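Before I ask anything, let me first share the structure, which is written out below as C-alpha cells.
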Amino acid sequence: MNQTDNAVKASLFVTCIIDQFFPEVGEAAVRVLRRLGVDVEFDQSQTCCGQPAFNNGFWNDAKPTARRLVDSYEGEGNVVVPSGSCAAMLRVFYNELFHDEQDTLRRAQALAPHVFEFTEFVSDVLGAENREGLFHATKPMRVTYHESCHLKRELGVDLQPRSLIKSLPGVELVEMPQAEVCCGFGGTFSVKYADISAAMLNDKIANIQSANVDAVVAGDMSCLMHIGGGLEKQEAGIRAIHIAQLLDERI
Amino acid sequence: MTERNEFFNTIRQALGPQTEAPNLTGTGSSALGDNSDAVSARSQAIQAYIDEQSGPLMDSLSESATGAGWKVARFDDLDKAGDHIVGIVRDVEANLVVRSRQDVLESGIVEAWLASLGVDVVPMALGEHSEHTVDELRSLAERADIGITGVDYAIAETGSCVLIPSAQVSRLVSLLPPIHIAIVQRGQVLPTLDELFTIRRRDFLDGNLGSYMNLISGPSRSADIEYTLVTGVHGPGEVHMILVG
Amino acid sequence: MQSHTKDFRQGAGAALSDPKIQANLEGLYNGFHQARIDASDQTPDWEALQDKGRAIKAHTLDNLAYYLEMVERNVIASGGHIYFARDAEAASNYVVNLAKERGIELVIKGKSMVSEEMALNHRLEEEGIEPVETDLGEYIVQLAEETPFHIIAPAIHKSRVEVSELFAEKLNVPMYDNIEDLTREARDQLRQKFVDAGMGITGANFIVAETGTVTLVTNEGNGRMCTSMPKIHVAITGMEKVVPSIEDLGLFLRLLIRSATGQRISSYVTTVTGPRGEDEVDGPEEFHLVIVDNGRSKMLADPNLREALYCLRCGACLNACPVYRKVGGHAYGWVYPGPIGAIVSPMLTNLSEAKDLPFASTLCGACKEACPVKINIPRMLLYLRKELTQGETYPEHKSVSMAESTAVKGWRASVSSSFMMRLSNLGGRLLQLPFVRGGRIDRLPSPLSGWTKHRKFPAIASKPFRTRWKNIGKK
C-alpha cells in the first residue's frame, strides 16, 4: 500500500489489557487505521498507563510507568488509544497524578491534545463515515452499543461510536435500555466488591438481551471482558466485541 | 476563648490567611455585590414591567398554576369570582370558612358572598378587629373547611402564590383547612422567582422584610411511599387559584 | 448517630439479597433520576445556572467566616437566637437544654439530616421529651426504628405493604391496602401533635447571610406546621448551607428542586427570619438557629475536599449512582449515603473506619454528571483512596493491606519495561495452565475467585500484541 509523504501518522498505545489478553483487538485496530491511510507506529517500550495502581490509591507506584509513557510520547504526534479509560488516564487523570510534579505535569498537559481514543480518531480526525465505499456489507447483524464510563463522561465521546456503527452496511444499531449505565467492572471493584459488581453486570446483561441483538459493542476491553465473561458464563449466545473488530470485519 | 470564638477560629484557621472582606464584585459572585441603588433600580423596573405585562403574565400564570396542581379559574371581576367561590363552598358543603385580611377581602365581600349559604366566616384577626384569642383562632382554622386568602404576589414561572404573613395575614389560614382558595389580581403577577427576591431584597433594605413568607405552588404532596404521588398530606389537598382581571 | 460504616460489605450484601429492597430500588432510575434529567433539559440555560451556582458556593465557602458573621448579625437583629455548635454533641446539648428550660414535652420535627448526625431524637427521648417526625418518610422510618434510606425519600425502601404492616403494628390501625389511606392515617395521627407540640425543629436548605433568613423547601406542609404552630422554632443546619444574598435564592431553588425531584418548584418554599412580628396573628415567639461544624471544617481546610461542601443535599448523585441503586442507603452505615456520602460520612466520622466507602465505586462519573453544582466526586474519591493507601494529609488513617502493597509492587515490576511485560506474560501463561479450558478460565483461585463466580476469565494470550507487531510491522 502506498504511503504518501503527508499520510497521517499515529502511534498506537495498545494498552496492557489488549496487549496481554486481547491482542487480536490491537491487530484489528491497526488494520482499520491502515485502511484509512494512517501510518501506524508502535513504540515497543510501552507498558501500562498506570491506571490500576492510580485507581487504588497507589499513586507513587503509578508514577514511574506514567512518567515513562509521557516521556516516550513527547513530541511523537498523534497517540491513538483503543480504550476510553486509558485515553482518559492520559488526558485527564495525569493532571491529578502529577499535580505535585510541575515538570511532568506540564509535559503531560502538552501531550494531552495529541491523545485520541480510537473512535474519536477514526470519526473526528479521519472522517471514516464519510468515505464512500469504505465499508462493505457482511451477513446482516443487530448490535447494541454499551457506553463505557470514562469514554462518555471524561472524554465526552458518545456520538462517534454510534455514527461509525450506523455507517456499516447491514449492521443495525439497536439501543438498549440504560446503555449509559456502568457495567460494574471498575477495575479491582469487580473483585473487591464482587457481589455488587455481579448485580450490576446482571442488569447490563438483561438490558443487552432485551435488545435482541447478535452482539454488544463497546470501546473498552475492560468493560467487554467483564460483560463478555458474564455472557459466556450464562451461555447467552451474544458476542461482546470491540468496535475496532466490528469495523475491521467490514473494512 | 468563648465557644463562639473558638468556632470561628477553627474556620479561620481552615481558610488560611485572607483579607477580612471578600471581593464582592468579581465574576460569578452573588447579587450581594450590588448596592442599594442598583436594587432599587431593578425593583422599579420590575414594577413597571409587571404593570405593563399584566395581561400576558396572568395568561402565563394560569398555565403554570394548572400544571402545578391548582384548580384555576379566571374572571373579569371580583363579582364573577365570587359566584365561582360560592359554588366551591356549596359543593363541599362547608360550614366554616376562615379568611385572611388582605385588602381584597377586607371590604367584607366573602361574608357577602357566603351570606345566603349560612356559612360562618371568620376573619383571622387579633386586636380590635376581633374577639378571638390566638388559640381560638388557631382552633377555628383547625376546624375550618376552607381558607380564603388574597396574595401578595404570584409567580408565573412556577405557578406559585406568595403569602407574606402580617397582622392581616395569618400563617395558618392557608395551611390548616383542607381547602385553600387564593385570589390573585391583575398586576400582582411576577415573571419569575428572581423578581420576587429582588423585591424582597428591596423590602429588606427598607427594613421591611418581615419574619415569614410562603411560596405555595399547588396542593400538599408526597411521593415517599413507592414513588406514588398523593396529595393533602399535612397542608391543603385542594387548592384553587382565582385569577381576577 | 453511631457510625456503622465499617459494616458496609455486610450491609451491601444484605441489600443485594433482599428482593424487596431490590424491587423498591428499581424505581429510582425511571423515577427521580429521569425526572431530574427531564427538568434540567426543560430549564433554559441549565448549565449556566450550574456554573453560577458553583461559583457562588465556591466564593461563599472561601469566605465562610465573613458570611457566618453576617448571618449572626442578621439573625440577632431580627430577634432570633443563634448558636454555633462545634460538634453534634454541643448542638444536641443546646437543643435539649433549651427544651428542658422551656418545659417542652413534645417536639415536632421536619426533615433534618444534621439532626441525624446529632442522634437528636435519642437525646430528647433520654430526657423524657417526645420527638415526632412529621415528614411522611421520616415518620415511617421513625416508627420502624430505622435510619433514613435516602436523603430526599427516607422510606423509599419500604413497599406499601410493609408500611401497612408497620402502621397496623405500631399504631393499632387496620391494614390499609392503598397509599391514600396510609397517608391519611399519618395525617390524622400527626394532626394533634402539630397542635400540642411546644417546639418545632426543622433543618434549613439555605441560610441567607444578607438577611439572616432560613429557607425551607418542602412538599407536605409539615415544614410550615413546624414553623407556624409551636411557640418555639429551632432550625438546625450545617455551616456550609450559607448563600450570600436573598437574591441568590431563585438560582439555588431552581438547582436544588429540579435536581432533587424534577419538580419546577416544591409545593412550599418557606422563608423564616426571626420569630414572628409583634402584630402577627400567629407564629413562633422564639426562633433559634443552630449552625453545626461537626467536622466540616476539616473538609474546608483541605483544598482537595472543600468542594464537597458545595453540596445542596439534593440526592441527585444517589439517584444516578449504579452502586447506590443496588445497595441502597443503609449499607453506607451513616447519615449520608451514596456518592456524596462516600466522602462526607468518612470525613465527618472516621476515614479509616469508613474505608470501604470511597472504594465501593466504579468511578463511573454518573454522580459528577448529575450534580447541580458540578461537584467532582470521582476526583475526591480518588484522593481519599490515595490518602487511605499512602497517608499523606491524614497519616493516622493510612490503612493498606500487606497483601495489596505486595501485589502492587509485583505489578509495578511487571510494567517497568517491555522485557518485564514479556516475562510476566510467560509467568502468567505458566501459572494459568491448570485453569485454562478452551481459552477461558472458569475458576480463579482466591482472592480472585470473586471474578469467576459470575464471569469467565480470558486466558493470557500466548502471543501478546507486542510480539505480534513484528509480523504486522510496517506493511
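Couple of notes before you dig in:
So that you can tell them apart, the chains are marked A, B and C in the order they are listed, and the count of residues begins at 1 in each.
Here, a residue touches a chain if its C-beta (ideal position, glycine included) is under 8 Å from a C-beta of that chain, and two chains touch if they have at least 3 such contacts.
Just so you know, these numbers come straight off a predicted model, no measurement behind them.
Taking the mean of each chain's C-alpha atoms, the chain closest to the overall C-alpha centroid is C.
Using the average of C-alpha coordinates as each chain's centre, B ends up farthest from chain A.
Note: centroid distance chain B to chain C, computed from Cα atoms, is 31 Å. Look at where the CA atoms of chain A average out and do the same for chain B: the two points lie 55 Å apart. Of all residues in chain A, none touches two or more other chains.
Contact residues of chain B toward chain C in the complex are 3-4, 6-8, 10-15, 18, 20-22, 24, 26-32, 34, 39, 64, 67-69, 124-127, 134, 137-138, 142, 157-160, 165-167, 169-172, 175, 192-194, 196-198, 200-201, 204, 209-228, 230, 232-236. Within the complex formed with chain A, the residues of chain C that make contact are 9, 12-13, 16, 29, 322-323, 326-327, 359-366, 368-369, 379, 382-383, 385-390, 400, 404, 408-409, 411-412, 415-418, 420-421, 425, 428, 440, 447-448, 450-451, 453-461, 463-469, 472, 475.
Against chain C, in their complex, chain A makes its touches with residues 1, 14, 16, 18-23, 26-27, 30, 34, 42, 44-48, 50, 52-61, 64-65, 93, 96, 149-150, 152-154, 178, 180-182, 184-187, 189-202, 225-226, 229-230, 232-233.
Residues 24, 27, 31-32, 51-52, 54-56, 58-60, 62-66, 68-69, 78-79, 84-86, 90, 134-137, 140, 153-156, 158-160, 163, 179-180, 182-184, 186-187, 190, 194-195, 209-211, 213, 219-222, 224-225, 227-229, 239, 243-251, 253-254, 261, 264-277, 279-283, 287, 293, 297-298, 300-301 of chain C are the ones that touch chain B when the two sit in their complex.
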